[in-house]
Every structure is written in C-alpha cells, then in structure tokens.
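Next up: some structures, all given as structure tokens.
Shared between the two complexes below is chain A, which has chain B as its partner in the first and chain C in the second.
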Partner chain A sequence: MHDHQMPGAAAVGQVRTETSAEIIEAVARSRRRDQTRFRTIFAATWGVLLGAILIGLLAANKIDPVFLGRWQEFILAGIPITILVSASSIAVAIVFAVIGALGRLSDRPVIYALASFYVSLVRGTPLIVQILFIYLALPQIWDGFAGIPTLVLGVFALAFNYGAYMTEVFRAGIQAIPRGQLEAAAALGMTDRMTMRRVILPQAIRIVTPAIGNEFIAMIKDSALVSLLGVQELLWRAQRVGTQNFRALEALLVAALVYWVLTIVFSLLQDRLEKRMAESDRRV
Partner chain B sequence: MTTDERPRDRFAAPGALTPAGSDPIVRLEGLEKYFGSNHVLRGCTLEVYPRETVCLIGRSGSGKSTLLRCTNFLEEPTVGTIEVDGLRVEADPLHQWDREHQERIRQIRLRAQMVFQEFNLFPHMTVLGNLIEGPTRVKGVAEDEAVATAEKYLDKVGLREKRDEYPARLSGGQKQRVAIARALTMEPKVLLFDEPTSALDPTLVGEVLKVMSELAHEGATMIVVTHEMAFAREAADRVYFIEGGTFVEAGPPEQVIEQPQDPRTQQFLSRLLDTV
Partner chain C sequence: MRQATLGVARFTGLIVIAALIGGVLAACSGDGASDDLLAKVKAANKIVMSTDPEYPPQSALAPDGTYEGFDIDVGTEIAKRLGVDISFETPSWEAITAGSWSGRWDFSVGSMTITTDREKVIAFTEPYYYTPAQMSVEATSDIGSVADLTGQAVCVGAATTYQQWLDGTLDFGTKTPDAAPADITVVSLNTDRNCAEAWQAGRQDFQGWLSSSTTVQGAIDAGLPVKAIGDPVFAEPLAVAFDKSGPDPTSMVTEVNKILDEMRSDGTLGSLSMKWFEEDLTNPAGG
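Then we have the complex of A and B:
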C-alpha cells in the first residue's frame, strides 16, 4: 500500500513543480508581449494623429512656410518670458499661500476672516476678470497703478489667484505634520513662531512640493492670459504677428505646440523629482 | 501657600547619589487632570531629589504618561503646582495660552527635557542639526560651542559617526539614542522619559536601556515612565505604581517590584510577568 502510493505522490509533486515554473515563465512572457504591444500601438497612434494633422495642413496648402521662417524666431523668443512669468508668479504665489494658510489656521478671528475672505474672493471670480481688474480698473482708483510695469502687474495677478488656491494646499501640508513634531519642538522650549519657522514649514514645503509642481504646469498655460496686458510672452507674440500677417493659424499652432512641449517637459521633470524624493524617503 | 501647607509626597526619599541635605528638585503638587469628564489624575504629589531616578509604572490608561506630560506642561494640569529647580508654576487651564503663562511653561521645559516614545526627531535636519537646534535657537549658545556639546553627548550615546546622517537612515534604537542626546544638549535639570523603549523592536531595546542606565548611575535626575521592570529594578532609586490616577504604592524597587504590598500592584506585576 505504502510502496504503491509513494512513487505516485512524488510523481505528482514533480509534475506540479515543473508545470508551475513553466506557467510562471509563460505568464511573464505573455505579460511582456502585451506590454510591448500596448506601447507600440500607443506610440503609433500618437504618431498617426500628429502626422495626420501636420500632413493634412501641409497637403491642403494651409501652412505658409515663408511666414513661419520669418517669424518663428520672434514667437519662440517668448518662451523665456513665459517661463519667467510662470516661475516668478509661482514664487510669489507660494508667499501668498503660506500667509493664507497660516491665516486659515489662526485661532484669531480677524486673521482667519482675512484669510478666508481672500480665498473666497479669488475662488469666486474668474482669473481673467481679476487680471483685467488689476490692469484696467485699479488705475481708475489710483493713477500710480498705471506706472507699474505690466510684467509686474501680470505676475501679481497670477500670483494673487494661484496663492488662494495654494492656500488650501499649504494648509493641508501644515496639518499633515505629525503632532509629535510640535511636541518635540515645544519640549525643547521653542516658541510657536520658532516652531512654525524651523520645524513645521520646512517639512510642509516638502510635503506640498509635488502639488507645487502641478500648479507650476497649470501656471505655464494660464500665464498666456497676461498677453492681455501686453506682456510680450509666447501668446502675445504669436497673436501679434499672426493677426498682422493674417497668419493666425501658423502663429497659434506654434504657440500651442510650444505650450504643449513645455508642459510635457516639466511634467517629466516633476516625475523625476518626485521619484527622487520618494527614494530619499524610502531610506527610512 | 506657605511651605507647610504644600501637599507632601509621603514616599519621597533622597536617592543613593543625592547630595546630603538637598531639597527635592522636582515637585508635582496635587496634580489633577481631566480630559473632558474623564478624571485621569486624582491628586498626584511627587517629589524627586537631585541625582535620583524615579520610575513610574502602571497599566496603560493608569495616568502615568499624563503625569509625565503634565510635568513639562505638554498637558496643562487642571489643578496643581509644578516646581522644577526652584521655578514654581501653578496650573492655569483658563489662561493657559496667555503669553506670561506660556513663557513660564517654556522656562519649565528648559529645565525638564523630554524623551518621547516615538523619538520625534526632526526628519529634515541631520543628527547634528537636531542636537544643536535647541541650544543655538532656544538658548542662544554660539554654534561652535553647541557643536562641541553635541559631539560630547553623541559620544556618550555612542553615535559620533552618525553625526551627519538624517534620522531616516537610523534604526529605532539609534534614533532614540539621538533623542536622548538631544535632550542632554539642553543640559536640563531633569530628564523625562515617556515609555522610551515601547516603540522599539525588541532587539533594539537593550542599547537604549543601557544608555539610560549609565545616565542614572552617573547621577542624572530622571523620571521614567516604563514597562521595563528589569531596568526599574536595576536603575531606579524609587518606583511608583500608579493606578486610576493615584499612587497606590511606592518605594525602592526591591520593595515595590520584589515584594509588592498592595494587591493591585501584585496583580499588575504578575500579569506583566505572564505576558513577557
């Protein structure tokens, strides 16, 4: 009885191990194949879409290469200005956001009210209205505003707007700091102000960095709105030469492409930054 | 209130290393603490002499951590007075956020440094940064002097070579030793330990207890909330058993831990030994 069963059981076990190894290998191979197939089709579809638009426009003889040749450089010279506007607006917006967040976390009713008033006002009105208000309406209140460079007005308007949205981001970031950090700071004898500056804010900024990246990418696109103020960034230049030469299609196509590429590039940069931050966190 | 009217700790006694003729350096007088309607501390009075180590033991929820956290006002007691090294501060929950009261509390904290269960190192600063933060920012010590002090205490906890690491790169035991060094760099009058080994992997408990035991034998004044009976037996001058927010029994460890008189202490200790 025993003799009879033993070889049978061993045989079954052996067959199973071999098969499972084979199955694992086969599954992995098929998964790799699926992945490659997915990526190929993905890239091909993108290629077809881009190619179709380009070839379609060229074939229909709607694109004027001479115009592009002559003005492309002028339009592209708006890129550094677009980046300058976006970067400085985000930088100023961070200041607004920190102040706003501290206000929203304050237990003093006046400060809390000021902060919520700011957030509510900004979130309740369109960005374009805010920009035009600062540009057109404020000089009516005080002439001095007319003398401020439009670049500064534009940056202020964008920062004022983004600062309100980022106030909530920073507030969440500050609230995410573990209670133990506050207790450790207090136990060392730190004052509340020192705790905020030395312990909470440095950690909160790290927490909100990925969110700031998203805001920056959104800002690159919204910075186009300051073209309304005559800031000579990407869209302003494209629109200017486009309308002057009755070649809006080419000009706006270039502008759109540049915004698109910029956002893709910064998204990739942000991915890498986030990965690196995640890695340094993992060294726990 | 004159000295005679103060509540006295009937268990108080100078420790083995206490200089003759010293008065208690820490006095917790008649501490009451409510969390809402939950009466957590019911009139705790504790006196600790200089260079003495006192262990607070008791089951979780007995109030021992709350008592320790009241000592440096991480919790504002509902009623009671705290005195550390001659500075007396009366609990004032109604005005606890007033500037003057906060400043008095801060002075207590400078005298009574705490080591937490969860270490609470600052993750965005290196080990050295953690150690000089308090001395330079809070006490106004010059940076090179603070660095020298920090290195001295890093040597003491055996982590000199980790000076420039970030806390994330350290093991739990190393983190807690850094946290002890951080408290020491403030050169406090008394060290408060709030279950310093409870968050540690069992294999790392020993290195932390070793540092604490050395400190105790060198004559640091320490109040330690702990479940480590072996440590209490070896390092404490006195052990207080707390239950339901009051001291049930206290005395030298050989008495409280080896021959507990109160049935509640006996039950606690036998349960603790069962689970270990």
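Then we have the complex of A and C:
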C-alpha cells in the first residue's frame, strides 16, 4: 500500500518482491494450517476410536476390574520375556541368514543345494509345525534334545524359521554391492575372504538393517507361538490366567494391547533409525 | 562376481562343515544319565513335576507366578518326604499322558486316571484320590439326564478319560464303566475349562460337557452358565505318574507308594483334600 508513494522501476521491482514474499508466506502458512488440521483430525479420529472401544467395553460392563487389578502384574511380567525371546531369536536368525545367504550365492553345487534345501524346507512348512516338531518330535530322535530348556528351544525354532526368510534379504543385500568394489578390492590385492569380511559384509549389513528392524517387529508377534512350549511369555500368562479365572476377555485384551503398544514403540524406533541412517548417507 | 563367489563358497563350506560336526557330536554325547529314576532324582536333589495350571482347584497360578492347588500340595509333600527340592513344568496335558517325556520332567501329580491304555507308557502309583466324572449342560438347556444327550455333541478336554469314555475306549483294567450314550459327537478342546469358556462366550457348538465333578463345580461357583445333570457317570482312581520310557521308575513307584501310605495314615492327604475340595476324596468308597 505504501508502495504507491514512490513510482519508478526500482519501486515496482520492490513491490513485486514484497508481494511474492507475502504470497510465499501465505502459501506456507496455509500449508502449515492444512498440516495442523490434518494432524488434529488424525489424532482426534484415533482418540474417538480408542475412546469408543474403551467406553463400549466399560458400558457393556464386561470388564472385571478386580481380575485386572489382581492379575495385571503377572501378565505384564511377560513383556520382558517376550522381548527377550524376540531379540535373541532375531540375533540368532541373523547368523542363520548370513550363512544361508553366503550359501545361496555359492557356486559350489553342494553348498548352494544345502542353503536352498534349508530355505525351501523352512518356507514350505508352517512355523507352528516347526515349533511343535522341535519341541515334541525331535526328542524322540535324540534324547539329548530334551535336556534343552524350552526357552532355548523356542528361540531356536523362531530363529531357524526367520533365518530362512532373512536369507533372501541378506542375499539381496550382498548382491547390492557394486561389482566395481570387488574389482577394486582385487586390484588392491585383497583375498576373496578379506573382500567378503572387510568390503562386502559391512556394507551389506548396513543395507539390510531396516529390514532386520521389520523382521524384529514381526517377531514380537510371532514370539507368542512359543507359549505352546510353556515359555511363560505374554500370551502364555494371559491364556493361563484367563482360563483359570474364566476371564478370557480381559486377559486376551491386555495381551493384545501390549503387543500393539510394543509394535508401535519399536516401529517408531525403527523410523528414527532409518532417518538417522539416511542422514549419514547424505553426509557421505 | 565370480572371484567373490569362490570366496563365499570357501567361507560357507567351513561353517557348514563345522555345524555338521557340531550336530553329530551333540547327537552322540548323550549324557550318561542314571538308569534308575529314584537314584537320578536323589543325585540331582531335585524332582521336576509337570502340572496344568488351568485346572483349579487341583492346579492354578497365583498372581506372584507360583502354583497352588491340591495336586501342587501333594507333589510338594512327596518331594519333601523324598528329601529333594521340587520345581514345575507346564506342558500340555496331551504331552503328559502320551509318555516319552524325555526327562523334561520327572513325574506328574496331575490327577491322572489309571487306564489300561496309559499303563502302556506310564507307570502309576496306587491312587491318591478319587473324583467322580460329572456330566453337565448349558444352564438354559432342557436336557435333564445323561441319556438325553444321545445324538448330541459333548465337549471334553483333549486326551482326558472323559474323551475316552465317550469314544468307548475307557478301561480302568479292574472294571469297565457303563457305556456312554450313543451317537455322541465329541468336541475336544485343549483343557477341560475351555468347554465352560465356550458356553461363557455364548457358543452353542455342543450340548454337554463332561469333566471331573470338582472342575464342573468350580465353573458353577465362578458363575458360569453350567449345570450338573444326573449322578456321576463313573468314578476315577487318580494316581501319581512316571514315564516308562525314561530311567527305570520301579523303585521310585515303590518309594512314592510308601510315602502316599504314610500321608494317608497320618491324615495329611485327607486334610489337603478338605482344604481344596471341602470334602475327603481320598477314599475309594467316595467314588
């Protein structure tokens, strides 16, 4: 408005810049407003859904607060065991996956066959069958198997299964390393094994890290299957206590909520990890 | 890639060979465990008992994660009189009655009925108590007698004597119980209480539920839609069980029989029964 006082080329240019700055500012403001609006509605919808479920359950008067008060501590004590089982299973699965991936990339037929056999066997049978087989059937072949604590058996079964799926992930990770790096390593006089250990694997592990995060989140849920072996994790506790007191609703509700919260928390952690890795990629 | 894959091959080859050798060694090195169960337990100074903690008042979890109930008390008392510590494992009931425990637990004080079938794989002591088997129906049902269940579906815990009775395969060795009604469809769930839970959830997949009178009464007391019908269908002798495929349980059975006799004559067994069932179920006359 005050621009009208000074006509002239320079002044016109100034008007133009100021106006466009205002426009940019206005657009940014409206975008922010849209974003805030989106977030508010998003949060409100979640709030309404959760509130509706909660109020519905309370209104139906089906939740027994006495049962929850008495047993929640016992059920929640399964959380560390669930996390322990999931984390150790993923750790062992990574070992299986590295070996499996190296086998799948081998050009020796026997080794390639061994790795393919493993992947095919595991991916071709249900996880629950594998778990029961390791628990109930294997001891009938080897007596020594029965001495293994069920926690270890459960971790082994989950790791054996996930290892096969992760084999393909690791194989892709290894194959993503550009061929030029192998030639460069060879030119530097590195042996094959050195190349694998110092050049390929460190980079491949970085590439597959986000995938490992996803597998871990899936593992938190699949770890519930080891309740079949009597491992006293979250689901085992919820089921026993629920049946014992005829309060399956509360017990399974608590278990479901805990699994949900756990996966949300670890998904957030996973997002942050991926963002940080992306940042360090940019710095490089 | 070719050079690299050669490296991969050598690397993997070593690991695979190592894993195979490890596996073979593990298979061969069965520990030279004692051939006698009693000696093994005494040497370990610990006896491991299997229990199904979904079966109150015989076995249930306490909020602090310990176990409680009639069977737990009887097992603990047996361990005490053997002079060893006790710990608990919680396999499924099917895994217990199937034998071949592979040493994961040493004995079951799990209200197991002595049957001819089970005796093929399980070594039993003398019975330590007796429970009647009770038929029940959903609370609103108009079925009034066991015979009325002919042609209907009846729910039982998997691998229980109740399932065997309905299948017509129950045989105590001494006497055979009366035959079950004809044309029954057997619905078997993981453990007895799951049947009552199904009615609680409003499911009507079956009309009857057969379990021990103590379990049926527990469901009624908990306010579930269950009612008992008719007289008990048969009485079961329940005993402590050992695995025949493991270390020889013969001397252990003799020892535990002696302990059970003592517990009976000094009143321990009867008072435990009063404590958990509010009646003395430890005499055969009660069945």
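Worth a mention:
In this text, the second predicted complex is superposed on the first by the 256 of 284 C-alpha atoms of A that agree within 3 Å, B and C clash if a C-alpha of one lies under 4 Å from a C-alpha of the other, contacts with A are read in each partner's own complex, and residues count from 1 in each chain.
One rule holds in what follows: contacts are C-beta pairs under 8 Å (C-beta built on N, C-alpha and C of every residue); 3 or more make two chains touch, one makes a residue touch a chain.
As the structure is a computational prediction, the values presented were derived from the model and not from experiment.
Under the clash rule set out above, the superposition-derived model of chain A with chain B and chain C shows the two partners fitting side by side.
In the superposition on chain A, contact is made by A:G180 with chain B only, not with chain C. Within the superposed three-chain model, A:P126 lies out of touch with both chain B and chain C [touch as defined at top]. When the two complexes are laid over each other on chain A, the CA centres of chain B and chain C sit 130 degrees apart as seen from the CA centre of chain A, to the nearest 10. Of the two partner chains placed by the overlay, neither chain B nor chain C lies in contact with A:P109.
Of the two partner chains placed by the overlay, only chain C lies in contact with A:P139; chain B stays clear of it.
Applying the stated contact rule after C-alpha superposition, one finds that A:A77 touches chain C and leaves chain B untouched.
Of the two partner chains, chain B is the only one touched by A:Q203; chain C is not. More residues of chain A are in touch with C than with the other of chain B and chain C. In the superposition on chain A, contact of A:T191 is made with both chain B and chain C.
Annotation: superposed on chain A, chain B and chain C show a minimal Cα-Cα gap of 7 Å.
The contact surfaces that chain B and chain C form on chain A in the two complexes overlap at residues 186, 191.
Here chain B touches chain A in the complex through residues 72, 74, 102, 106, 109-110, 113-114, 116, 118, 120-124, 133-134, 137-139, 166, 168-169, 182, 186, going by the rule given at the top. Residue ranges of chain A in contact with chain B, taken from their complex: 178, 180-181, 183-184, 186-191, 194, 198-199, 202-203, 206, 280-281, 283-284. On the chain C side of its complex with chain A, the touching residues are 1-13, 15-16, 19, 26-27, 29-31, 53-54, 56, 60-61, 63-65, 89-92, 95, 100-104, 191, 193-194, 196-197, 200-201, 219, 222, 224. Contact residues of chain A toward chain C in the complex are 70-71, 73-74, 77, 99, 102-103, 105-108, 111, 114-115, 136, 139-140, 142-147, 150, 179, 182, 186, 191-193, 195-196, 200, 228, 230, 232, 240-241, 243-246, 248.
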